[in-house]
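Data block below; observations after.
When the chains are written out, they are named A, B and C in that same order, and each has its own residue count from 1.
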Amino acid sequence: MMQNPYVPYKAQIVEIRDEVRGPRPIKTFKMKLVDRERFDYKSGQGCLVSIFGKGESWFTIANSPTRPDLEFSVLKTGKVTAKLHEMKVGDLVGIRGPLGRPFPLDEWKGMNILTIGGGIGQTPLRAIYQYVIDKENDYGDLTIIYGARSSRDLVYREELFKLIEEGYNVHLSIDNPEPGWKYFVGFVPDNVKRIKPEAKNTIAITCGPPIMIKITLNVLKELGFKEDQIYTTLERRMKCGIGKCGKCRIESYYVCRDGPVFSYAELSSMLEKI
Amino acid sequence: MRTSHSSQSLICWVIKMIYEGDFLKDAISNLLARGYKVFAPVKLGDFHLFREVKSAEEADFGYILPRNSAKIAVFPENEVLIKYSSWIDEIPFEETRIAIVGIKACDAKAIKLLDEHFLEGFVDPYYKSRREKLLTVAITCEEPGINCFCQSFGINPRKPEADVVFSRIGGKTFVNAYSDAGKDFLSEFNLRNEGEEEARLRQNFERETLEMRKIEIDVEKLKKSFESSYWKEVAVNCKSCGVCTYLCPTCFCFDIYDEGEKKGVRIRAWDSCQFPLHTLESSSHNPRAEKWQRLRNRFYDKFYYALRKGDYYCVGCGRCIDFCPAGIDIVSVISGVR
Amino acid sequence: MNEVEKIREELKKSGAERIVAFVKKENEPREVLAVLSQKDIDKVTFSPLSVNNPAKLLMQLNGKVAVVAKGCDAMAIRQLIKEGKLKRENLFIVGISCRGVIDYRKLSKIEKLSEIREVRLEGEEVVLKMRNGEKRIPFAEVIEENCLYCEHPTPVIYDVLIGEAREGRKDFSDLEKLEKMSREERWEYWISQFERCIRCHACRSVCPLCYCEECIVDPSNLAISPMSTAEDKASYPRLLGKTVNAKDNAIYHIIRVLHHAGRCSGCGECERACPMELPLRKLERKLEKVVKEVFGYDLNEDIPFFSKLDMLGD
């Protein structure tokens, strides 16, 4: 981390991919630090992307540290993200990071990894499955369950289809039927129920809309998952990114510094229920 | 569970001296002459505010507590983090030495608590740049205000944790130094050692317990009462304003925002957990959308969550009680948790 | 029966499930507002230190509510009924013909508050029941300045009135000093006041008329609804920054006050709540004067001021 944690590194946008179009568009930006090598980080950590004159927004790093550069998938939702969506390859932004506590991937060595994602919530999960794929000898089976409202709302679509072709255990779903859709139709938790992943020696990580997470949690418990086998990432309004400004505080934890990754065992010991 | 932050007990060479003259004003003049930025209480109408003063005459010491807390000296209401145009132009830092003259024991303790927050983990360089150049000249309390309860936290209003402590006892001016910086500062003055009789006078003054309110904190009860309807009852008349948090010497929440599109400044400014916008996310989700949740958050913050670090986050200054427009009283609320 | 007993009696008779009235604050001689049920009726009290306006609290409550209202409180309640924020039929108003309230800050300069047990008015004197014995001080020494110019000391709306109806004052002599200043002097005066503001928003938060969920002077760039698009949020009007400085503070206060044209009840909650003691009532008073003298509007008219402006057209 930099000397003054409020001062961003200079970064350049090197690639932009449209993930989702329409009224709630998502783009993935690949960025390269300009004056220095990429910093070390771990899956689950985030950065504050800074555009002077607009402000800063927190994004989880969308690619595994085993892959080059830094990727951020950005839902256009406010001032900073609207500006980002207008930007072109070659434009400069600021990056502060890496911030927060990552997934304990080292502790999970030898275990099966199950990711359950919905919508843009797939972002931190992508940083996990890429890592597990790149270090496949270190881990057991990888299962990716992911769904969105419609096929057009699936982020990292091409990458996931390619993983299916390569024989990875990927289960996609959309909420409503569409012509030509070959995979599950229904909500993500129902897909989990259908697939019945084995709880033994497995870590489940679930990210997505709060309601999806809530129901998924119940399904996982029915399948025999214990709270310390389940992880998620929390979302809160963040400004400083270093546990000072108080905005993302839950009890004595700062989501930006002590999260965004939490196990359900940790979350259920808190008074303020998430 | 609580730890003491008393640095006084660690230092055995404390200087105990007597000064003939108007010490506080002379202290301000001395500090200003040596280029310090001096924060001292200024009288406006019927009340006092900590402000930066340019001369000793501006300051006035006839108060129990200034209305605002002394934290403005280390954590100002607004401060520029970065000046930018297309990229960073300048990162401004406080270069001048800073002094607070007239701080009381509660506010002095609050700065120690703010230190824990801003200097622990990631070091906040802006806070640090002020803090490491800070000299505190404290005044002991002769009598408490109606809503003072600092003694509940082990604070001795007659023995503030500051670099220099000033007391007026029996018509005499006592000045003590409790740190190297304080000792250096006092070397600027013409002082004489206190006599035996004077020492006794001072010790008695320091030992005397003041008659003031007491807060009863039952941590176990707090833990059990989190979901209690009590918080809705307490909050019914809460206005969700920022008086309690803005006057609080230990509240540290802030917002960061950019002012100026092509050329401008990235600023941090005080924010309050009582404002709904404090936690509102861009998705429109708000984890503390209801005012009773925000009010509960403030109380748990002070007396429950903060315990992870070993200390309550309240110093008993009573400002939030005195100036809550709804009359919400932290002592009654915490003592009456059910 | 004394005033407090009469108040309790009427609140009881109202049969309302919920009561908004004053109760004694712990540790201090003043009263604070509370939402009570009939079984708590003995907690109800009233004194010249029952200063707050209950109107804002009423907006949170559903069903039948009995409320104790002084002259200015009743003005605010009537205004909120006019604006569709309160329903007359849900309220049982115990009106108090008000002689004015005590300025707590002034009182604290004269007497040590911790010594005072109880406060009551007797003729032109305030009787302070002290820890040891009694003390009398002239009411004129501690009355809130705002009350000196009160136009409606007797509630304009009530179900039962306690005390004799009394006349208010209709002049604006309190503004003379400011109006006599030159523009430059006035600017300097106001900037020296606004400069103190810490933007805690207490003035807005306590004001019964500041009930908007989204306030135009909020420094946020966020719209609240889940339907808001990124463009909405990015282009959200931002009239002033969050930075505390005299000029932005001035904009905040001036805009806030302008939204009270023809509406302000004169209760003085803004000034009372201000921890920095800004003379906010003076702004409201000037506006009252303009509304009356320039637009010929009377607060007692049934039609709200802004609706009337629309009807007047150009």
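Operating definition for what follows: a contact is a pair of C-beta atoms (placed from the backbone, for glycine too) under 8 Å apart; a residue touches a chain by one contact, two chains touch by 3 or more.
Everything numeric in this text was worked out from a predicted model, so none of it was measured.
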Innermost chain by mean C-alpha position: B
Of all other chains, the one whose Cα centre sits farthest from chain C: A
Separation of mean Cα positions, chain C and chain A [Å, integer]: 50
Interchain centroid distance [CA atoms averaged], chain B/chain C, Å: 31
Rounded Å distance, chain A centre to chain B centre (Cα mean): 40
Sites on chain B at which at least two other chains make contact: 255, 257, 280, 282-283
Per-residue multi-chain contacts in chain C, two or more chains: 221-222, 233
Two or more partner chains touched - positions in chain A: 77-78, 81
Chain A contact footprint on chain B (complex, rising order): 81-82, 84-88, 91, 117-118, 121-122, 124-126, 223, 226, 252-258, 260-262, 264, 266, 268, 271, 273, 278-283, 285, 287, 297, 300-301, 304-309
In the complex with chain C, residue positions of chain B that touch it: 44-47, 49, 67-68, 77-78, 146-147, 213, 236-237, 239-243, 245-247, 255, 257, 259, 267, 269-270, 272, 275, 277, 280, 282-284, 323, 325-327, 329, 331-332
Chain C-facing residues of chain A, complex: 23, 76-79, 81-83, 85
Touch list for chain C against partner chain A, complex: 221-222, 229-231, 233-234
In the complex, chain C residues that touch chain B: 25-28, 30, 32-35, 52, 56-57, 60, 105-106, 108-109, 112-114, 196, 198-202, 204-206, 218-222, 224-226, 228, 233, 241-245, 269, 272-273, 275-277
